[in-house]
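Okay, so chain A shows up in both of these, paired with chain B first and chain C after.
The block that comes next holds the complex of A and B.
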C-alpha cells in the first residue's frame, strides 16, 4: 500500500495529460456561473446535438472559467497537434461552423480570440504542449495567449487550471502536478516543517483582514487538545462579483489539496467547507470532487501510506454576510445563529465545538499547495515585502470588461483596471472605485495609483478584502452608493451588538435626511461620533466598518455630503 | 435509523399528548395524516382567542365522527369546513388550505430522520426542506423541533436570520433579483423598485428576493425567475411583463 500511492498519482497525471491533449478533438465550454448566466448551458446542448448530427469525432467537456467573463460563452477547441483555440461570445447559430472546423483542425476566424501553443504554469513544473513550432495557416493571424497583456501581466499560481481542466475530473487536476504538494507534505515533511514553509512564505489571509496564515496555523497546532478542525470559509457574501465562486467552480480540487495540507500542518483530522448557499454550481462540483478524492484515496485514512487521516465535509450556508466573520461562521456550522462570538478565545484555541480550529479563506487554502511545491522563500519573493504572493481580483461595475484575474500583489490598482478591465466603460472617466467590498469604502480616482497591498490600502482606511474591485464612472451618484452600502449593512447586521443593530438604522435615517435635502452640519458630526462608537463597541468587522462608506465619501468627496445637498433642497433621483 | 420505521401517525399522536405547547385534542381517537393537523390548526386560528378551546373540543367531536375512529385525513377536515363553517370564514380557510402546499408530514419525518446529528444538523435539514417544498413550512419546523430537541423559538430565529429559508410558498413568479454593487451601479435599483411594488401588492403574484451576485455583472439587470436566468434587455422585458406594464 505504502508504495502504491505515488505510482497512482503518476498514472493519474498521465491520464490527465492524455485527456487535456487528446488523440481526437476536445471541445470545451466554460460552464462556471458567469458562462451559464450567458447561455453556456444552451451552447453545450447545441454542441452535443451538432457533434452527434455531424458524427464528429470530438469529445465535449465542461470546464470552468478562464477569467474572461465578459467574453462568455467561451468555447475552446483542441485538435491533436494544433494550437488550442479560444472562441468568445459563441452564439447558438455558430455552433455548426465550429464543430465542422474543429474536426478538421481549422479556425473560425471571426469568433477566435486567441490561440495557445503551450501551457506553461507560472510556478513552473509540468507543462502541456498543444502544438509544435509550425503555426498552422489558419491560426496565423491569431495572437498567442501568453502574449496578450491580459494573460502576460497575470501570474496564475493558483488559478492555472481554471478554464483548462474539467472540474469533475481529478486526473485533469493532476495533469499539471495536482496533489503532488500534498503528497510531498504528508510523506516527506513533518507538520512543523509544513508550518514553517507557510510562515516563511509570509502568506496573509485572503479573506479580508490579512492575518498571517503561518501564525494562525501555528497557534492552532500548538493549542492543547486531540481533536482539531480545519474550516474553509467560502461564505463570500460581498455584494459584487464572486471570484472565489468562479475559482471553486473551475478547480475544486485545489481547495481540497490545500485543506489536506492545512490539516496535516495543524494535526486536524477533519475539515469543513462552509459554502455560500447561493453557489449551487460550486456546491455540486465541490461535493463531486470530495467524493472523487475519497474514492482515489486522496482523503480518508492513511493517506499515501503516511498514517495521516483526513476527512472532509461540505456544509451549505444560509446566505448571511455576517457568516463571513470566522466566529459567526463557526456558530452557523454548529447549527446556531450566525452571530460573532466574543474573542478571545480565538478559534485557534477554542473554535468549532469548542476545539482548536483554523478558519481560512478558500483562496488562502488553495495557495498552500503552491507554497509547499515551490517553497516558502520562493513565494515570499513575489509581490511586496509586506504583501507577498498573488491575489485573485475581480473587476465589476462601470468597467469595460468584467473579469477576474490573478495578479502579483503590489500591482497598481489603476493598472489592473486598465489592463484587464479595459478602463471605464463607454470611454467615461473613473470617478471613484471600491476595493475589498462595502467595508473598503469609496475611494477617489486619484488613489488609483495605490498598490494592491494590505498595508497601503489599510492606510487609506480601505482594505484588500476578498479582492473585489468595483469601478464607478463620472456619472455615479456617490450619495446614492453610500445609501446602498449603508442599507446593505443594515440588512445584514445580525443584531447582536446594539451599536451595530441601532447604528446602521440611524445611519440610514441620516442619509435619508441628507438625500432629501434636510441635512445639516449636525448630521455630519453625528455620523462621526456614531462611526467611532460603532467601531469601538461592535464585536465584529461588520459593525466596526458599517460607517466606512459614509466616512470615506465624507473624507474624499466632501462636496457630496457637505456641499449642495446640505444647502439646497436638491431632489434626489436615482439613475 | 429505527426511528423512521415507526408508523407516522403514531408519532403525531404522541406529539399531541406530550407537547404542552400544542393544545391536546382527546387522545386515542386516531392519528393525523398528511397536513390534516396543520389544516385543523388553521381553522382554530380563525376563531377569537377566548373561544378557541370551546371550538377545538366541538370541532374535534365532528372530526372524530368523520374519521369513524380511524386516522384524521385531510379530506375529513375539508369536508368539515365545507359543511359547518359559515362564510366568509369558509372561503378564507379553504384559501389557506390551498396555500399550504401539500406538506406531507410523513415526508418531513422521513427527511428529518435521514439526517443524523443534533442541532448542528439543523441547517442541513432546513436546506433539505427548502429544496423539497420550496420553502420551510412551519409544520415541518415542529417536527424538527420535536425530533432534534431544539426549541421552536430557536428554529424560528435560525430560519429568519438566513436568506436561504423562505417561510411561505413561492407565488407564481419566484424572483431573485440581483442588487450587487456592480448591478446597482448599472441601475438595478430602479428595477427593484418596480418589482418591490408588485411583490408587496395584496394581489401580487411575485415572491421577491434580493441577491448579491448572479454572475453576469456586465449584463445588468439580472433576475432569476422560477429558476431561469434573464439578463440585460431580456431581463428588462421580463420585468415589465411581470409588473404588468
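The block that comes next holds the complex of A and C.
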C-alpha cells in the first residue's frame, strides 16, 4: 500500500501558472481529434523540427480543443508579457515563419484569428494575465477574444481549460483552481452537504434523460450497503456528434475531480470510467491523467488527510450505442452482454455487481466541481428554472463553422447555429435540424426558435439528450436521413427484446419500400402502430425512440413521405 | 406482505414477487412466451406487458420483471395493452411465421398473419432465451449462450463448434417452446469406414450444439437411460454411492422408512441430495422421517447413513 501522499495544491497551482504564463515562448497546438483530423499532428512534428532547427527558445505543448474546430489546425503562441495569439488553418508551409516571429513576440498577421490579454473564467476565481498594459504594435489589429461573439456568448464553466492547458499536465489543471473544489468537499463539507449543494443546483443529467443529479446521488447515498460505486458514462455512441471525446481529450482532470466529489457524496470508494474504445486519444489522455492524479495523491487513500479513500479505473468499451444506456453499461462493465436490465430496481439501489451505483454522464460529473466551488444556488441562477446551468454543444452538419461550445441552457437553437456556427454553409437555407442524437428526430427550421431546454424539447417530441446539433440544409434528402437514422438503430439494437430487434428491422423494410416508390398509405399506418408499440413495449430508450426519426419527418414534413410516389391505382385511359 | 390492485381487484402478494407471479397466483392470466417459473425472468418476448400506475404516473412494462410494491395499480388488458400485444405478436409472427406456439398465441389475439408491408423471415428460434437460462441457471453447465448482437443474435455453442461443456441432459430441448432444438436418442449407432462398421452403442445427439454422447445402459434392464457426461456431472457434484449410476430410475429400489426404528435424528434428511426426506410429527414423542418419493432418486444415501438401520 502506497504511503499517504500529502496534497500540495498551492505548489501545484503555482507551477501550473508558471507553465501557462511562461518565462519563454510557449507554442501550443490543438491536438484533439478535430485538429488531428485536419493535420495538427503533422503541424506539431513540423514545429518540433523547426524549433530545433532555428535553435529557438520555445516550448512546444499539445493542448486540446478550444472549440474553433472549423479553423483547425490551431496554433497559439504565448510570449512573456505579450498577449496570447491564436492562429488558425496553419499549414506546414508556414511553420518557419511562425517559429521565427513567435520567439520575437511578433505576429504572423494573415494567420492570426484573435488575441487574448487575459483568461478570465466565466465562473470567476483565479485568472491568468498574459499581456502587459501596453498593446504591442503587431497585435494592434487583432480582435480581443473576449469581445468576439463566439466567445462572449458562451459561458465556459466546465470547458474553460480546453485548448489552454496540456491535458497531460495536472499542474496546469490546477492553475485556474483545479482540484480546489474537491479539497473543499472532502476536507470541509459532509457528504450530505455535498449532496445538498448538487440538489440545490437543480443540475439534470447531461446524457439523455435529464434526471435530477441531486436525486440520483441522494438515492445512492441512502441505499443500504457498505460498498457503492460511481460510474462515468463515456460510451458516447451518437453518430456525427462528439461532445465527450473533445472534452476528455482536452481536460480529463475535470472528470476526475467530479468523480471524486461524487464518490465522496454517495460514499463510494471506487469509480469506473466506461470509455468508448474508439476514442483512442481520449483513452490515452484519461489514463495518463488518472496515473498523474494517483501520483500526486489526488486519488488513493486518505485524500488530503481527510480519511476519504477513492480509486479510479478506466474500462474501454466496444463502442456499442446501446451501452450508453446505464444498465446495459453496467452489464458490459461486469463483463456480460451489453443488454439493459429490467428496472426497478434502479442502479442507485442495485447497480454494478448488485451494489448501489450512481451512473452519470461525463459532463454531469465534470460540472460538480463548479457547483461545489460556487454553490448550488449560484448554479441554479444560470439557464432556465427547469434547465439550469450550461451545456456543451457540438455543432455539425451543413453548418458554416462546425464547432464545440458551452452555452447557458435556454439559448435559442437558431441563435446557437447562427452565432457560433455562422448559419448554414455556402449561403444555403436551413431545412431541418436534429437535436440530441438520433432519438431526437428531425425537426423543421420553423422550430429553430426553440430554446435549448429539457422540457421544451421534450414537448416537441425531441430531446436535449447529449447536446449535439446537426444542421441540415435545403438540399438535404430527408427521406435518406430518415433511412440513415433508422438503419443506425437497427444496427445498434442489442437484440434482447423482440419489440426493438424485430421492430427496427421492419422499419427498415418499410422505409426501403417507400424510397423505391412502393409505399402506400398502409405503410404509413403500419409505422404509426409500430411506433406506438415500440414506445410502449421496448426494454430501453433505444427501442422506444427507434421510430422517432420516421415519425418526426412524417409529422413535420408531410410532403416528404406522403409525397414520395405512393402506389396509386393505375389510371384507365378512355378512348 | 404487499397490497396492490390488479384490474381493480385488491391483491395481497409477498415481498419480492413480480406482478406476473402475483397475477397468476390469483388466477389472472397474462400471456407469456419467455417466462418459466424455474428460471429468473428475462423480459425478451415483451408479451406480458401491463399498465402500471404508481403515484399518479402510468407506465407500460413487463409484468414478469416488475416487482410488486404497495399501492401499485395494474391493468392487464386495456385497449392500449391489447394494441401493444397485437403488434408484438405480429413482430414475432413476421420472424417465425411457421412456429405453432407463435401462431396459436397470435390467433388468440385475432391475428392470423403479420402485416404484408413488413418483411418476413422463416426462423424457428424466437430468442426467448429459455434454453440458455436453463443451461446456465439450473443445470449450470453453461454450454450454450446468446451470440451476436442485434439483428444477428442467435443461440449457439461457443464459436458455433461442438459445445464442449454440454452434458446432453436435454433440458434445452425440453424447455424450448418451438421445438427447434433437436435431441435424438439413438438406440443403435455404428461408425462406418471403408474398412467396415463398428457398433458404437446407444447415443444421444443434440444437433443444434453439434453434440453426441454415449448413453449409459442400466445394468438391470439394459435400457440406455442417461448420457454419460450427465452422470459424470452428477457424480462430481453430489455425494452419491457409486452403484447409484449403474441402475436406471425405473429399476431402482426406493427406500422405505421403518417408523418404529426411526429415532428422528435427521441424519437421513441432511444427507439426502434431493430434499426427499423431512422430519415430521407423527403423533408420537419424537418426530419421524417422512419420505417424499416424487423427489427421491433412490440413491440410498439415507440407507447408508441411518444409525438405526431404519431405512431399507
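Quick note on the criterion: the second predicted complex is superposed on the first by the 558 of 575 C-alpha atoms of A that agree within 3 Å, B and C clash if a C-alpha of one lies under 4 Å from a C-alpha of the other, contacts with A are read in each partner's own complex, and residues count from 1 in each chain.
Following the convention adopted for this analysis, a contact is a pair of C-beta atoms (placed from the backbone, for glycine too) under 8 Å apart; a residue touches a chain by one contact, two chains touch by 3 or more.
No experiment lies behind these values; they were computed from the predicted model shown.
Student: Could you say whether A:412 touches chain B, chain C, both of them, or neither, answering first, second, both or neither?
Tutor: neither
Student: Could you let me know whether more residues of chain A are touched by chain B or by chain C?
Tutor: Counted on chain A, the partner with more touching residues turns out to be B.
Student: Once the shared chain is lined up, is A:239 touching chain B (first), chain C (second), both, or neither of them?
Tutor: A:239: touches chain B, not chain C.
Student: Applying the touch criterion given at the start, work out whether A:320 contacts chain B, chain C, both or neither, answering first, second, both or neither.
Tutor: In the superposition, A:320 touches chain B and chain C alike.
Student: May I ask you to decide whether A:36 touches chain B, chain C, both, or neither, giving the answer as first, second, both or neither?
Tutor: first
Student: Touch test for A:337: chain B only (first), chain C only (second), both, or neither?
Tutor: both
Student: Check whether A:493 is in contact with chain B, with chain C, with both or with neither, and answer first, second, both or neither.
Tutor: A:493: touches chain C, not chain B.
Student: Show me the chain A residues, by the header's touch rule, that chain B contacts in one structure and chain C contacts in the other.
Tutor: 320, 337-338, 491, 494
Student: Can you check the complex and tell me which residues of chain A touch chain B?
Tutor: Answer in residue numbers: 32-34, 36-38, 69-70, 237-242, 245-246, 277-278, 315-320, 332-338, 353, 396-399, 401-402, 434, 438, 468, 470, 472, 476, 480-481, 484-485, 491, 494, 574-575.
Student: Once bound in the complex, which stretches of chain C touch chain A?
Tutor: So the residues of chain C touching chain A come out as 41-46, 49, 60-62, 65-67, 80, 83-84, 87-88, 91-92, 94-95, 115-119, 126-127, 146, 148-153.
Student: Applying the document's contact rule, which stretches of chain B touch chain A when the two form their complex?
Tutor: Those in contact with chain A are residues 118-124, 126-127, 157-158, 161-165, 179-182, 184-187, 189-190, 193, 210-219, 222, 229, 231.
Student: Contact residues on chain A for chain C in the complex?
Tutor: Result: residues 320, 337-338, 342, 344-345, 490-499, 501-506, 509-510, 513, 520, 522-523, 526, 529-530, 532-533, 536-539 of chain A touch chain C.
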